[in-house]
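Both of the next two complexes hold chain A, though its partner changes from chain B to chain C.
For the complex of A and B:
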């Protein structure tokens, strides 16, 4: 018994260690990307025409790309875009999921069936097919800033379906719970009941869905960027930075080109480690 | 007497079971039909509202007289109503005419016939590879029950889960690996995660704990007690994995230069060829729905046979 307790303690301690490490990594990545203006004052678009496709040096820590832009600056600014806009898209999709799934689950009956039919329709479409179809409908020849907003807005507006499904079933079980029945019997209005009693109880699920969506959106943006359907040049993002790998002949030739990939893998892993087992279970 | 009652009960259960299966198949069929019809309406709306729909290059042909140009304009005007346009598209689709690709100038049905076999082969081999790797890791982790090995397999699958599908496709080009291997590596972490969790849950069931306490061999517990419990749910994962593999075909075919349906979808997206893209999306959706429904019905039948 005592051995079991010790093992449990060890497990929790090691889990806390990894979660803390993940939080530190994420804080570091966000801080560095926010300090991009100081760390790379020349910006992400400045071209050094005498040093195109250069190897790492004192002036250019990660070398330059094929048109002479500093890769380190582009990684910092690209990290800022991906790390600020992916959570924003996740927030949007979580709010939509709360509204659609939470409300449908709370109202139940035909509302829940209709909402889940729409959700099932969206879920049956393969994610990347859906993304490129919607991206193709939207204008492709827009300014870089608009392309960034369009890409992440699209992720946020399309990524709510699986979260809505979870929230619908959670809200459905809350609807039948004793405290909601008692509140209803006391004459509390439906809107107030949903806002004051149901929504706060959905918080753990919403929180978990928010954290789960961030790495999914980062990976989706990277896929779209590599396929040329993401953020437009010269704006950097992890997707457009990874597009450089297309021109590689061998892995060992220019290993510094893999820095954005390593950074992406570390950040995505950190986002997944931040979620505790309880949060994962709630999701 | 008792035997006849038992036999009657069994026959009644069999009838009920068959009726349940038929009802389930009908429900799935209805859901697929509604999804395809709604998806078709959505696609027709997208195509109809896309910029440039009203303009037809043929109208600029100097060889056409004014009556022909007027007739072309009239034909376009008739398609202004979205529902009428959808009905027209639906009628043509029933006769096997899925429209013409704007960018490639070929009928969509011909393009699909040319490209579908390669995608089916890639997705099929990719799925086989992913399931072989995922099940080998999940079963060995469940069988050995060593936390170090479990952590190792989780770290391996977690690493692949954190790499974008398009990067795995690029790496497969770099290492001259076949595209099917890239699809396998994209799908395997998801399958592994579900399979491992299902097997872990099955191992925690009371009757399996009892079997272990009674000293049954690990192999016997795994194949006689754990897999039959997790099997139907694993089948549901198989349905989902088809959708994942089809989605993975886009970056793999686009970046590896493989002329399949995925590459066609990517080219259509870059060229804003909406008739082609929406038709492809509906067909892919149909395939994934059929896979999911098939997995669900087979899983239901297995559960029914067990009970």
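For the complex of A and C:
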């Protein structure tokens, strides 16, 4: 018995270590990206045309890209953009999912059926064509900053449907649960019941949807480039940096090109570790 | 002892039979060649070919009257032993080779040539190959003089008419197999849509080599349909395919580092990479931008501010050359050698712009009305070389205070803006030139043409220099005198450089890769680069 308690304490201590490490990693990533102006050897657009596709060196810590831009500088600035905007888009889509799916599931009946019909319709729409239409109505002459804002805004506005279905189902099961019935029988008003009893129980699902959306949006942003909707040159983002990995033939010979991918995995994992701590605290 | 003698006798019989087989005109069948088509072939009908994949199959299976030698650029007899073109350029007479049969044993004669020409010129067929022969209103007449002689008369002179027949694969007038009965070295044996096209040697192919051996040497060709260049490269490295045409410069570099004997740089190709501004009067652009884009001095200044040598060196890893004008130096006869590439000079560009009323304020260029000089350049997404070029141009123009916004679009959207809505400011694209003759560029240079990209389908020439180009292009197309044609087209090239409707950037080199197992390959700049001499290739 005492041995079991001891092991449990060990496990908790180990988890705390990883969570602390995750916090440090996130803090470091945010700090480095914010300090890009001072840390980077040059601007993200500066082209060293006599040192293209260079290997890491003292001058270029992560080498240069195909047209001679310092990869370290681009990773720093790209992290700033992706770390700020992908979570913002994920937050927007999760809130929309909570609003549509959570409320519909909680209200049930015709509300739920109507909301899910709208969600199914949105899921079945050929978004590619819609995005092409959006590109057609957007002016061509937008600055890279506007382009990146529009891209992530669209991802946020379009990415809520799958999460809404999950939330609707979860909220539906909560509505019929014993503690909600009891609360309702005690005379608690619907709005208060939703806010105090249902929403906290939806939190784990909401968090999960939020974290799942971040890497998905980062990769979607890279793919939207084919429609002219991604982050425009010369501005970097994790998505555009990941495009370098398309040349499968060369990647094994140039491992430093994996840095943006490693960074993406580390940051998303760190977010999830921090989240699980918050879940436990909430529980 | 008797047994030994019998064995020796049998061995001698076998040896002599094999020798006879080799030295008395039978085929020296040698292996299967494998390479990739980058798209699905749209047709096996040689007269309907308009895509590269169908063009490759036409080249491998089609028998033609004359063939341009891709190495020497000279015209050589094939199914026609000889030919004569009338002085006015309206009539061509062919003397045909006798004793030739299609792959299904149907005999070949002048009747087949007449049938092919009638099909080719049938307006209902909409043959892209036939377009090159449509020199004027009226019908094309064919006259069969004998089974091995035929004359073809066009309603108006067709410039370089004999060279145009390089693209015309002869069909059988009588074969029940229609276009699948062929006169070329190979014939289609199997087609699995989305996967492979299998070709096998045509047993009736008429050609032999210097030793009298029947051609082609190869037994078969397997064409894998593979649009992804990365996968194509991986398969080449794994020895799953034997050839790559139009190799990307990145892959060329990497392959050269490990296996330099497998890659070939044949020098500048006929292809050009160019950008142009929207000069369409009815485009939805603001008036001041139309004024910039329609000004030759503005266009020339932009041209001067672009560092072409850097584009060739950085984007194409040195496997390209700064472009001069509409014709690549690789086109030996038609290139105007007096022209030189635009020298890179941001200072001269800025000075020229200032002479036109532009001024530099806090690092930003403004026109005389105070409008900042900002424009977008569109290119097709997924083309890494073009995306890099636009980004480099963006930095080059930044040096003279011009802000360029880079836009990558999917190809259909780009084409819609370019040809339908005219809602764009500048476009960067490439032009693939298959033929050498200037007549093949008529659809670009005539102001009335839909492919006159900077200002398509003009009812009448909107500028004096466009009227002059129209006149010169028609003049070169209406005479068979090569010297006069060259003079006219030289002047067209000069005007194109002076007025810069297209800002020519680079001529890409013709890069290719050939596996060590392939014998007889000698890659050239002209399509189909690595297998232009397909009948003489073999695989170890």
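Operating definition for what follows: the second predicted complex is superposed on the first by the 159 of 283 C-alpha atoms of A that agree within 3 Å, B and C clash if a C-alpha of one lies under 4 Å from a C-alpha of the other, contacts with A are read in each partner's own complex, and residues count from 1 in each chain.
Please note the rule applied: a residue touches a chain if its C-beta (ideal position, glycine included) is under 8 Å from a C-beta of that chain, and two chains touch if they have at least 3 such contacts.
Note that this is a predicted model, so its numbers are computed, not measured.
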Of chain B and chain C, which one contacts the greater number of residues in chain A? B
Please work out whether A:124 is in contact with chain B alone, chain C alone, both, or neither, and reply first, second, both or neither. first
Touched partner set for A:233, first chain B, second chain C, both or neither: second
Quick one: is A:27 in contact with chain B, with chain C, with both, or with neither? Answer first, second, both or neither. neither
Just chain B (first), just chain C (second), both, or neither: which does A:264 touch? first
With both complexes overlaid on chain A, does A:114 touch chain B (first), chain C (second), both or neither? neither
Which of the two partners, first being chain B and second being chain C, lies in contact with A:132: first, second, both, or neither? both
State whether A:246 touches chain B only (first), chain C only (second), both chains, or neither. both
For A:67, decide between first (touching chain B), second (touching chain C), both and neither. second
Check the residue A:223 against both partner chains and state whether it touches chain B (first), chain C (second), both, or neither. first
Once the complexes are superposed, what residues of chain A are shared between the chain B interface and the chain C interface? 132, 135-136, 140, 226-228, 246, 248-250
Sort out for me which residues of chain B touch chain A in the complex. 31, 34-35, 38-39, 46, 50-51, 158-159, 161-167, 170-171, 174-175, 243-244, 246-248, 250-251, 254-255, 265-266, 268-270, 272-274, 277-278, 280-281, 284-285, 288-289, 292
Would you pull the chain A residues touching chain B in the complex into a rising list? 117, 120-121, 124-130, 132-133, 135-137, 139-140, 215, 219, 222-223, 226-229, 239, 242, 245-246, 248-251, 261, 264-265, 268-269, 272
Taking the complex as given, what residues does chain C use to touch chain A? 230, 233-234, 237, 250-251, 254, 310, 313-315, 374-376, 378, 381-382, 384, 387-388, 390-392, 394-395, 405-410, 413, 423-425
In the complex formed with chain C, which residues of chain A make contact? 45, 47, 49, 52, 66-68, 132, 135-136, 140-144, 225-228, 230, 232-234, 246-250, 253
